[in-house]
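In the two complexes below, subunit A is the common chain; its partner is subunit B in one and subunit C in the other.
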Partner chain A sequence: MSEAIFCDDLLTAAFPGILKHDPICAKSSHFTVPKDRLPAISHYIHTQPSLRGRLTLLWACDDRPVRDSYGLYYLFTLEASHHWVVLSTELAGHDRLFPSITPHIHAAQWYEREIRDMFGLIPQGHPDLRRLVRHEHWPKGTHPLQKDFSWNNVLERQQGEYRFHHIEGEGVFEVPVGPIHAGIIESGHFRFSVAGEPIMQLELRHFWKHRGVEKLFEQLTLTDAVLLAERVSGDTTVGHALAYCQAVEALLHLEVPRRANYLRSLFLELERLYNHLGDIGAMCNDTAYALAHAHCGRLKERIMQLNDRLTGSRFLRGVIEVGGVTQDIESRRLVEIVEELSHIQSDFSEVGAIIFANASLTDRLETTGVLNERTAWDHAVIGIVGRASGRDCDLRRDRPFAAYDELPVNVALYRYGDARARLRVRGDEIHESIRLIREVRDKIPNGPIASQPRSLPKPGAWTLAAVEGWRGEILYMVMAGEDGRIHRCKVRDPSFVNWPAIQWAVLGNIIPDFPLINKSFNLSYAGNDL
Partner chain B sequence: MFDTILLLVAQTTVLLAFSPFLVGLIRKVKARLQLRRGASVLQPYADLAKLFHKQPVISTTTSWIFTATPYIVFASILTAGLLVPTFISQTPMNFAGNIIALVYLLALGTFFLMLAGLDAGSAFGGMGSSREAIVASLTEPAMMLAIFAIALTNGSTNLSTIVHKTALLEGIVTDPSPHLMALAALFIVALAETGRVPVDNPATHLELTMIHEAMVLEYSGRYLALLEWAAGLKLAVFLSLIVNVFAPWGIATAVTPTAIGIGLLVYVVKTAALAVFIGVIECMFAKLRLFRVTDLLGVAFILALLGLLFFYILRS
Partner chain C sequence: MFRIIKKSLRIGVVTGRYQKANKPELPVTPEAQDRARLFKRSLAIREVDTGSCNACEMEMNALLNPVYDADRFGIHIAASPRHADALVVTGPVTVNMERALKDVHKQTSDPKIVIALGDCAINCGMFKGSYAVTGPVERHIPVDVRIPGCPPRPAEILAVLSELQGKDNTA
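Our next item is the complex of A and B:
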C-alpha cells in the first residue's frame, strides 16, 4: 500500500491538476487528467527514475450512448513495484483529436494507430498515421468499434494502396513474403529490404483476417463471452479464458474457491508445457535438426493427450468458467498427472542435453536475432521474449493471480536476447511448470470448484485483469453494460506488443535466418488480429 | 557394337529406375530415426507418376528458358551419369568425355536452373539462384581437385580407366592418404551439390531458407517431375562416383553375364549403404548458417588440395 501512496503523492505533487479516483483493483491507482497534459504526464511516468512506468495497455471506449464522449485510458506498470497506474481522459462532444504520446513512448505506436482505425479518433503528432488494422480496401470512415456501427455490417471494397517504407540505393532489393506462405503458417506479410543477404529493414503488415472479436464481445453477456475469449488465440485457450474470467469475477465481486484457483493454475501450466515443447521442437526443425523436432513433437503429443484424458479437450477448451472451473480432478488423477509429467521431464532432460550439446545447432542459435534490453524496454516487450532479453517480468510472481500467491515461481531470465536465450527460457520454464504442478498436487485444498454469480454489475463499471499466459502477459479490460451485457472488452494478447520488436531483432541478420528468429518469438497472428 | 548399345541402354535404365529409390531410401532412414514410420521407399516413383499426369502451370512472365530448363537439366545430368561407371567399369560412353566433361555437364544443368530461377521473376527464385551460384562456384574447384588427386595416381582423367585400374588393383599406391582426403572432399561436395543437410534442407517449407527448392518453386506438373527426377539422378551420379572411384571392388570388369549380375548387385548394395549414411548424417546435424556453407566448402577444397600435394610428396 505504501507504494501506492508514494506513487500517488509523486504524481499529484508534480501535476497538481490531476484528479485521483478509487483504484480499479488491488495494487493500482487511477487518475483523470486533462487531455492536453497527457503527453507530459505519461512522459514523466515513463522516465521518472523512481517510477519507470512501462506502457502496458492503451485503449479507447465509445461512451456516446450514455454521455456524449469517448474515453481514453492509459495503463502503465511501474518497473520496481509492478503497481498499475491508469490515466484516463475524455474527448467530449465532437472532439476527435487527442495528443499522441508515441514521440516519447515508442510502445504506444500500434495502440494509437489501432484506436484511430477502430474509433476514428486521431492521435495528433503521431509519426506514422498509415492504417494498421483496417486495410486499404475498407471504405473510408469505417470505424467498427463506434457504437453506431452495427456488428453484422457487410463492408464494400474500395481501392487503396499501403505505402511501405522504402530504402533506395544500388543493390538494395525488396523481398515480399506472405501473406500466403509455402507451409501451414498464418497470414502475415513481411517486407524485407536487403542488400545481398543481410536485412537492412523489415516492415510487418499484419491484420489480414480481422474477425471483429472486440465488437462480438459487445453482443454477448458477461458469462457467455468466456467461449469467445477461449477462441481469441487457439493455442492460448486457458490464458485468455482465465484473464477474461478474472475480469468478470472482479466486476461481479465473485470469490473463486481456492480449489478452483489451484486447478486454474494447473491448466495454465499444462498449456504452457505443450506450447513450449512444441516451440522448442519447431525451432530445431527450422534449423533442419529434425531429430529434436521429432522428440519434442512426441512429448507435446503426450501432454495434449493428457489434456484430452483430463478434460475431454486437447486444447483445454471449456475448462474455465466464470466463478471457477468446470472440471474437477480427483486426487488419484493428480498423482497420475505428476507421474506422467515425471516421465516427460526425464525424456525432456535427455532431449535438452542433446540439443544444447549439438554444436551445429548452437552455432545457428547463438547471436541470431538479438533483441537487446534497451530495445525490449522501449517496445515494452514482455513474456518469453522479454525474459530472454533481460526483462525480469512474470505476472505469476509480480501480480499473483489464481493460486500463484501460494505457489512461488522461479522466473527464468537470460540477458543475451538471442534465439538461444529464448530457447533456454522455454526449456527452464518447462522444468518450472512441472515443479509447479507437483506443488499443486501437494497443496491443493478440498472444496467446491465454482461459485455462482448472484448480482449484476452496475453499467459502466469496469476493471482490468492480467494473466501470464505461455507467451506472456494477457490483459483484459471489461466494462459492464446494461442487463449483464458487455459494453466494451479490450483484449490484449502479448503478440500485439511483441510483433513490432521483431522488426528490430532481425536487423543485420541474414534472410535465411529470419524463419528461425520468427519461430523463436512465435507470436500469434490471431491473438494480434482481433 | 551390339553389346555396347545394350550396355548403354542398361546403364541408362539402371540410373533412371534406381535414382528415385535412393531418394525414397534417405527419406525412409530419416523417418525411422525420427520415430516416424515414413512413406514407403517407393513413394518417389508414385510422386513422379502423379506429377507427370498433372497439368503444368506456367507464369505468363516467363521466357523459353523456363520451359526448356527441365529438359536441359534432365538431359545434362543423365549424360553425366553415362560417363560414370555404375555396375560395369568400362562404361559404353567412356569415349565421349572424361571427368572434366562430367563436371561441366553438371554445371550446365546448374547454370540453366539458376537462369530459370531468375526467369519467373519471383523473389524466392532470385534468392535461390544467387545462393546456388555461391555454392556451385565453390563446389566446382573442390570437385575438380578431388578427382585430379585420384586421376594422378591412376595416370588418366578417364573415369572408366580410373575405376577399371583400381578394380583390378593395378598401380595401387601403398599410402591411401590422397584417396582418403579426396574422398572426404568429394563427399562434402556431393552433399552440397545434391542439396542435402547441412547445406540445404530438401524437406523444408520455409521459402526464405531454400536453395535448390527456391529455384524450382515456380515449377509444376511434368516440368517439376523432370526436375525432381533430375535431382534424384544427380544424387545417384554422385553416389556412383564416390563408391566406384574409391571402392570399385565387385564391379564388372568384363562383359560377361555373371560379372554384370554381380556388378549390378554390388552396385545397388553399395550406393544404398551410402544413401543410408547420408540419411543418418541429415539427422545428426542442423543446417549450417548460409555464410558458413562457404567455410565447409573451403574445407572440402583444402582437403582436395592436400590430397593432390600428398600425391607428389609420396612419389618423390
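Our next item is the complex of A and C:
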C-alpha cells in the first residue's frame, strides 16, 4: 500500500492537474489526465528512476453510445514494485486526434497503429502511420471496433499497395517470405534486406489471420465468452481462458474456491510443460539435430495424452469456467500425475544432458539472435524471451494469481539474450513446473471447485486481469455492457509485444539462422493478429 | 555417443502408442478415394493456415512425431504447393488470407485433393459471420475431405487419411 501512496504522491506532485480515481484492482492506481499532457506524463513515468514504468497495455474504447467520446487508456507496470498505473483520457465530440507517445516510448508503436486501424483515431506525431491490421485491400474508413460498424459487415475490396521499407545500394537484396511458409507454421510475412549473408533489416507484415476476435467478444455474454478466449491462441488455451475468467470474476465480485485456484495452477503448468518440451525439440530440429527433436516430441506427446486422459481434451479445453473449473481431479489422479511427471522429468534430464553435450548444437545456439537487455526494455519485452535477456519479470511471483500466492515460484533468468539462453529458460521452467505440480499435490485443499455468479455487473464497469502463460504475460481488459454482455474486451497476447523485438534480434545474423531465432521466440500469430 | 545409444535402447519403439480413433465421423466420399488412388501409397501434403487458432497446426505437427509417425504410411509434408498432392486447410478463411488461399490452390498441380481440417475450416466455428472472415474453405475452393473436431486428435486425422488412401492404417 505504501508503494501506491508513494507513486501517487510523486505523480500528483509533479503534475498537479491530474485527477485521481479509485483503483481498478489491487496494487494499482488510476488517473485521468488531460489529452495534451499525456506525452509528458507517460515520459515521466517511463523514465523517472524511482518509477521506471514499462508500457504494458494501451487500448481505446468507443463510448459514444453513452457519452459521445472515445476513451484512451495507458497501463504502465512499475519496474521495482510491479504496481500498475493506469492513465486515461477522453476524446470528446468530433475530436479524432491524440498525441502519440511513440517518439518517447518505443513500445507504444504497434498499439497506436492498431488503435488507428480499429477506431480511426489518429496518433499525431507517430513516425509510422502505415496500416497494421487492415491490409491494403480494406476499404477506406472501415474501423471495425467503432460501435456503428456492424460485426457481420461484409467488406469490399479496393486496390492498394503496402509500402515496405527499402534499403537500396549495391548488392542489397530483398527476400520476401510468406505468408505461407514451408513447414507447418501459421501465416505471416517477413521481408529481409540482405547484403551478402547478414541480415541488414527485417520487416514484419502480420495480421493475415485477423479474425475480428475483439468484435466477436462484444456479441457474447460474460459467461459464454470463455469459449472464444480459449480459441484466441490454441496453444495457450488455459492461459487465455484463465486471464479472461479472472477479469470477469473481478467484475462480478466472485470469490473463486481455493481448490479451484490450485487446479487452475495445475492446468496452467501442464500447458507450460507441453509447450516448452515441444519448443526445445523444435529448436533442436532447426539446428538439424533430429534425435533431440524426436525425444522431445515423444515427451510432449506423453503430456498431451495425459491431458486427454485427465480432461478429455489434449489442449485442456473446457476446463476453466467463470467462477472456477469444470472438472475436479481426485487426489488419486493427482498422485498418478505426479508419478508420470517424475518419469518425464528424469527422462527429460537425460535428453537435456544429450542436448548440451552436443558441441555443434550449442555452437549454433550461442550468440545467435541476441536480444540485449536495453533493446528488450525499450520494446517492453516480456515472458520467456524477456527472462532470457535479463528482464526479471514473472507474474506468478510479481502479481500472484490463482494459487501462486501459496506456491512460490523460482524464476529462471539468463542475461545473454541469445537462442541458447531462451532454450535454457525453457529447460529450467520445465523442472520448475514439475516441482510446482508436486507442491499442488501436497497443498491442495478440499472443497468446492466452482462458485456460481449471482449478480450482473454495472454497465460501464471495467477491470484488468493478467496471467503468466507459458509465453509470457497475457492481459485482458473487460468492460461490462448491458444485461451481462461485453461492451469491450481488449485481448493482449505476449506475442503482440514480442514480435517487433524479433526485428532487432535478427540483425547481423544470416537468413538460415532465422528459423532458429523465430523458433526460439516461438510467438503466436493467431494471438497477435486476433 | 554411448549415452545416446543407451537412451535410444532404453526408450525402445514408441510408435503406435496412442489410443486408436473410431471410424471417422464424416465418411470419405468415393470420389475423393478415386482421386487419392492416383497417388498410390503416398500422399504429399501442403498445410495452409487461413486463420486457425494454431491448435490444428499443433496436431498436424504431432502427426510427424515418433508416436504417430505418419511417414510410415507414406504421408509427408511438402515444402511447396507445387510438390503437393493434397492441401490441408485449417481455420476460417480470413479477409486477409483469401487471396493467398486461392493462389496456393492455383499453384498446386492437378490432380489434387483439398482437405478441410477442423471445425473452423468446415463451418467457421466460433468465427462465423465476423467481418474479418469470408466464409468456410469450400466457399473459395472445392473441398474433398472434411475432418471435424476442435481440434481433431492426431489419431482421428490419421484415421481419415488412411480411409482416403483406402488402406487399413490402424495396425
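By definition in this document, the second predicted complex is superposed on the first by the 530 of 530 C-alpha atoms of A that agree within 3 Å, B and C clash if a C-alpha of one lies under 4 Å from a C-alpha of the other, contacts with A are read in each partner's own complex, and residues count from 1 in each chain.
One rule holds for everything that comes next: a contact is a pair of C-beta atoms (placed from the backbone, for glycine too) under 8 Å apart; a residue touches a chain by one contact, two chains touch by 3 or more.
In this text, all values refer to a predicted model and were calculated from it rather than measured experimentally.
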item	value
First, second, both or neither for A:L216, with subunit B first and subunit C second	second
First, second, both or neither for A:W208, with subunit B first and subunit C second	second
Contacts of A:I180 with subunit B and subunit C, given as first, second, both or neither	second
Chain touching more of subunit A, residue-wise (subunit B, subunit C)	C
Contacts of A:L97 with subunit B and subunit C, given as first, second, both or neither	neither
Partner chain in contact with A:S524 - subunit B first, subunit C second, else both or neither	second
Contacts of A:R298 with subunit B and subunit C, given as first, second, both or neither	both
Doubly contacted residues of subunit A, that is, touched by subunit B and again by subunit C	182-184, 291, 294-295, 298
Of subunit A, residues touching subunit B in the complex	173-177, 181-184, 197, 284, 286-291, 293-295, 298, 358, 360-361, 363-364, 510-515
Residue ranges of subunit A touching subunit C (in the complex, touch as defined)	135, 137-138, 144, 149-155, 179-180, 182-187, 207-212, 215-216, 227-228, 231-235, 237, 278, 291, 294-295, 297-298, 300-301, 304-305, 308, 314-315, 317, 347, 350-351, 353-354, 357, 524-526
Contact set on subunit B toward subunit A in their complex	30, 33-36, 123, 126-127, 131, 197-198, 201, 203-209, 217, 282-292
Footprint of subunit A on subunit C - complex, ascending	3-4, 7-8, 11, 14, 18-19, 47-62, 64-68, 77, 79-81, 91-92, 94-97, 99-100, 104, 125-127, 129-133, 150-151, 153
